[in-house]
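Presented sequentially are two complexes of subunit A, the first with subunit B as partner and the second with subunit C.
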Partner chain A sequence: MLFNIVYQFGDALAFLLLSAIGLAVIFGMMKIINLAHGEFITVGAYGTVVSGKVFNLPLPIAMAAGVIITIIFGLILEKLIIRYLYGRPLDSVVATWGISLIVSQSFLVIFGPSYEGLQTPLGNFKLGDYSYAEYRIFLILFAFLLLGLLYILFMKTSFGTLARATIEKPEIASSMGVNISNVYSTTFAIGAGLAGITGALYAPTMTIVPSIGQAFIVSAFITVVTAGASPFIGLIPAASFLSTVQTSVTFFYKATIGIIALLFSVILIIRFLPKGFSGLITKQK
Partner chain B sequence: MIKIIKKNKLPFITFVILSIFPFFIDSYYLNNISYFMCWTFISLGLALIWGMGGVLSFGQTAFFGLAGYSFAVISINFIGVFGVGIWSVILALLITTLFGLIVGYFLFYGGIYDVFIGIVTLAITLVLETYLQQTAGPEYAIGEARLNGFNGMQGMPTIGIQDLQYGLIEGVTQYYFILILAIITLIFLYRFKNSKLGLIFLASKEDRNRVASLGHNVQKVQLIAFVIASLLAGISGILYTNWGGYITPSSMGLVAAALPVVWVAASGKKDFFSVFIGTIFLVWLSQTLAINGAQFAIIVMGLILVISTRFFPDGIILMFKNKLIEKIKWLQS
Partner chain C sequence: MKKIIAIVSSFIFLIFSNAWSAETIKLGILEDETGNFAIAVVPKIHAYELAVKEINAKGGVLGKKLEIVRYDTQSDNTRFQEFARRLIDKDKVDVVFGAFSSASREAIRPIMDKAKMLYFYNNQYEGGVCDKNVFVTGAVPEQQFSTLVPWMMEKYGKNVYTIAADYNFGQISAEWVRQIVKENGGTMVGEEFIPLDVSQFSQTIQKIQKAKPDVLMTLLVGAKQASFYEQQASAGLGIPMGTSVNVGQAYEHRRFAPPALENMYVTVNYIEEVHDVITSGQYHEKSKDFMARFKAAYPNEPYVNMEAANAYNAINLYVKAVEKAGTTDKAKVIAALETGISFDGPSGVVTIDPKSHHGSHTIFLVEVGKGHKVSIPKTWENVQPYWLGQAGCNLPAKADYSQYTPSKPPKK
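And then the complex of A and B:
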């Protein structure tokens, strides 16, 4: 029974973390309100499933293909549209909303209302009366691993320093000889790639429909916002808190009330903790 | 009055043309235009708080839905009672403004700003949607009115006075009612923009701390504007409910919440008249594309949005308006 609750909690936590991870870069760092974040995930999921089915690839290679397709997709979008929106966060709402319409509808036209999915890899194991999917456990661990890598990339490497400097003060970074246009597109591609990873990871667990990204977008935004100004530090406490609220309320009432409690706690966090969870941590240091 | 017309020749001509429409087109198209105009109020409200004050809110949809549902619940409960078609509207709008006041107080006096306002208002919208979606059972009823979950509510009486010729807001009466309401709203918004409150609000977009340090109560002004915007969204919600005779939870979903933002931004958020025309145009466009182009409609819509923000950052309708006024000397004041 206790393990069951922990499992549910971990599952919700992994979902929040993985849906938010790409957006933490694109929205959390670059300040682009990317309403097409869900569609990046869709591209990753379709890339995985289609390449897996058509070329009969083993799952890990199909997933890699899905991620690479999403990165290329992100790079093209950045070159064509997104680079004109830096420093215009509110206009990015409209453009990315347009992108999201185009992408999800194109997938509907090309692949039809639903696409035959892949089988969930790894097996199940039994504990007490319930059986659990090993893949779900893998997702939780992978989410933490990914966040760790991301933290190292943006906080410890020289690229990370350049990226943070460029986003903070583009003019000064540029005058110090940083190729800011390259830094921007690389950072954006990383964000897109992470969303692609999310899509690839969840592709074998869900029915593949063109609107698959819609399932992620709200969770992604609320997690990144409650994480606060330094998303990589705040993401884990924010997602832990939110999934605790959601699983416990769902456990005692029902799923819809769980979602309502989740949204309410977001409102309260923003009101009483305006700098998010990362503000709480950095203040204590 | 003549001075106002001289200064705004283009809006004046537009409204004259709109007001003679009923003599030339049949009732099907007229009803359609009424439908397009229903949506202008929610957009104008957003243009007020976002275009003027820089407050991006996804909550307009929440007020839209709340007003629609309140109108439905009240009017169904008191169906047949004298004047229900009028006072139920007033009551529903009161509820909406009160809710707007509470939300606005929470936001502006709680020190929530910028993108956080967007997230909080989006959360409020989604809470309402999620709650109403699960109200399918018979236990979810307010008085006589069942909320009906996903399917939404219907069977509410029409706005207006029964037993009176042209008393009910439907058909041609509905068209003129909405048109006149839109004209009043536009005049009010232009006056607000040039009033002292409006100027403070406009300045608060650039630097709210500086405005506050000059001795103006920024929060109060923001709250007033937010409440006006919620009232306008409520008007849209009631007109929409009245037009179609139904209201559903999906009118408060994620898609519905983004639509006003898209309309306002694509039209030109700094100019109320452009937003009015742009909303009508874009609602018409998405409807026409949906009827004729089927699956490609949404792709075309997306392309328009992307291209308009990429190449016309101030809004596509505003750009056309400025071009037109530039070309035709007579339109200049």
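And then the complex of A and C:
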């Protein structure tokens, strides 16, 4: 029973964390309101499934290919469009929304309304009344690992310091000799790559359709918004809180009420903790 | 003199243009060639075209050829309304065929009724439409569930759990399941309605495991909810699933990697595998013949589903009724359709029930086995759309324009 609760909670938590992880960099750090975040995930998912099918690659390699494709896609977008939108959050809304429409429609035109899916890897095991998919447990562990790596990258390495400095005060960083254009595009590419990882990881568990990324976008934004100003500190408490609300309400009532409770709790958080969970934590320090 | 010439010539023009326009019978078609539902709808469009081509090759009906006026409704309900008005006001069609989702049917039904337009809905759905101007050639719950649910309960056990999409189709279908389970002495051990946006099902899967049902009814709709099948397979749920929507429409058993759909049972009135699985008899012959003609016309069709058969039947039923009525006048064609008219189609005879305007069907129980191999363990012949007629819908005697459900039957 205890394991069952932990599994349910962890499964919802992993979904929120992995939905949000790319957006945490692009929106949380870089302040680009990226409405095309879902399409980055779509690129990762299609990259995985299509390269796996066409070249008959084993799943981990196909996933790596999917992530690399998303990074390249992110770099191209950054060079062509996004770099003109730094510091213009409202304009970024319109531009990224347009990108999202173009990308999802292109997938529809190229690959049709549905693409043959992959089988979920690993097996399942039984414990009491319930059986569990091993892959879902892998997803939970991987989400935490990824977040840990990201925290180290942005908080403990010199690249992380440069990236945070550049985004905080681009003029000063530039005058100190930092190549801010490179830092921006590298950071954006990392964000895109993380979204690609999400797409690659969930691709074998979902129906592969051009709108697959849409399933993640709401969870991504509410998690990043409740995480607050320092996303890498706030993500875990935010996602933990939200997944607790959602799983417990869904457990006692039903899925619809669970979603309502989730969104309602986000409203409460934004009202009473305007700086999100990271604001709460950094204040106490 | 000039005036007279003008009048005479305009008269001649009028007579000619009338004669010219009377040469064809115009069939309006509103189907989703693109968008969310395209995958299941494209074979349907080809089936309309095939039927029209065949009838025209035989010389048409009443000495006139059939002409299709078709619009792509893009899986969008507002497009449906826009093009329905266009077919009626501008193209002045004689009959309209179309719609996939129940939401789009309900979007255009009032427009058809207002214009007194004859309308064929050729799709399986949640049942209950009792409408003077509407004829339905798709299967309804008393055909799909009264066969499937008792069969599964007998084979696997009496405890049933339903998960359904949270909108009119899912809600009403679940109501049907509930009623049939009760009538057959079973127990509903759980029921969950799931918003169309949900794509993660771990919690739903565990709720099902906790309730320990013998049979799981999955009335899920749309690409996001379809993720359930992969997720239940990877979690090793292993409970036999029953449904009215999968396999027979968007051929998930071909599109998804096994074992996502293994152990699923679905009742359909046609699928293209019929003549491969049933190796002799009338259903083998009829399906083989239909598929040969279909593939000759559309060699690249990925799958010929039950709605394609329904579309094909609809055109043929309409033409038979026009022949019988001797005119395309809508009231007279409706009267002809209410005479118990029937057509021998890809899966046997379909007869229109005069009271409810719905068609009878041969119902095949399709089992998706190991490696998504399809078998047909049981066939029910001539299953009637009995419910509306019994509940009090009697269109020849009393015009009506409503949709009813088991909990909201017609007022007697």
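What we mean here is this: the second predicted complex is superposed on the first by the 283 of 285 C-alpha atoms of A that agree within 3 Å, B and C clash if a C-alpha of one lies under 4 Å from a C-alpha of the other, contacts with A are read in each partner's own complex, and residues count from 1 in each chain.
To be clear about the criterion, a contact is a pair of C-beta atoms (placed from the backbone, for glycine too) under 8 Å apart; a residue touches a chain by one contact, two chains touch by 3 or more.
Because the structure is predicted, anything quoted here is derived from the model rather than measured.
S.K.: After aligning the two structures on subunit A, examine subunit B and subunit C and state clash or fit.
M.R.: fit
S.K.: Applying the touch criterion given at the start, work out whether A:Pro113 contacts subunit B, subunit C, both or neither, answering first, second, both or neither.
M.R.: After superposition on chain A, A:Pro113 lies in contact with subunit C alone.
S.K.: According to the stated criteria, A:Ile172 is in contact with first (subunit B), second (subunit C), both, or neither; which is it?
M.R.: neither
S.K.: Thinking of the overlay built on chain A, is A:Arg271 touched by subunit B (first), by subunit C (second), by both, or by neither?
M.R.: First partner only, subunit B.
S.K.: Taking CA centres, what is the subunit B/subunit A/subunit C angle in steps of 10 degrees?
M.R.: Given the fit on chain A C-alpha atoms, the answer is 60 degrees.
S.K.: Does the superposition put A:Thr256 against subunit B (first), subunit C (second), both, or neither?
M.R.: both
S.K.: Using the superposition on chain A described above, determine whether A:Asp91 touches subunit B (first), subunit C (second), both, or neither.
M.R.: first
S.K.: Quick check on the superposed model: minimum Cα to Cα separation from subunit B to subunit C, whole Å please.
M.R.: When the complexes share the chain A frame, the smallest subunit B-subunit C C-alpha distance is 5 Å.
S.K.: With the touch criterion stated at the top, can you tell me which subunit A residues are shared between the subunit B interface and the subunit C interface?
M.R.: Overlap of subunit B and subunit C footprints on subunit A: residues 218, 254, 256, 259.
S.K.: Which residues of subunit C touch subunit A in their complex?
M.R.: Touch list, subunit C to subunit A: 35-36, 38-39, 166, 192-195, 197-200, 202-204, 206-207, 209-210, 212, 223-224, 226-227, 230-231, 233-238, 250, 255-260.
S.K.: Which residues of subunit A touch subunit C in their complex?
M.R.: Counting only subunit A, the residues touching subunit C are 4, 7-8, 11-12, 15, 112-114, 116-120, 122-126, 129-133, 135-136, 204-207, 209, 211-212, 215, 218, 247, 250-251, 254-256, 259.
S.K.: Which of the residues in subunit B come into contact with subunit A in the complex?
M.R.: Interface residues on subunit B, with respect to subunit A: 50, 54, 56, 106, 110-112, 115-116, 118-120, 122-124, 126-127, 130-131, 133-134, 254, 258, 261-262, 265-266, 295-296, 298-299, 301-306, 308-310, 313.
S.K.: Along subunit A, where are the residues that touch subunit B in the complex?
M.R.: So the residues of subunit A in touch with subunit B come to 33, 35, 81, 84-85, 88-91, 93-95, 97-102, 105-106, 108-109, 214, 217-218, 221-222, 225, 254, 256, 259-260, 263-264, 266-267, 270-271, 274.
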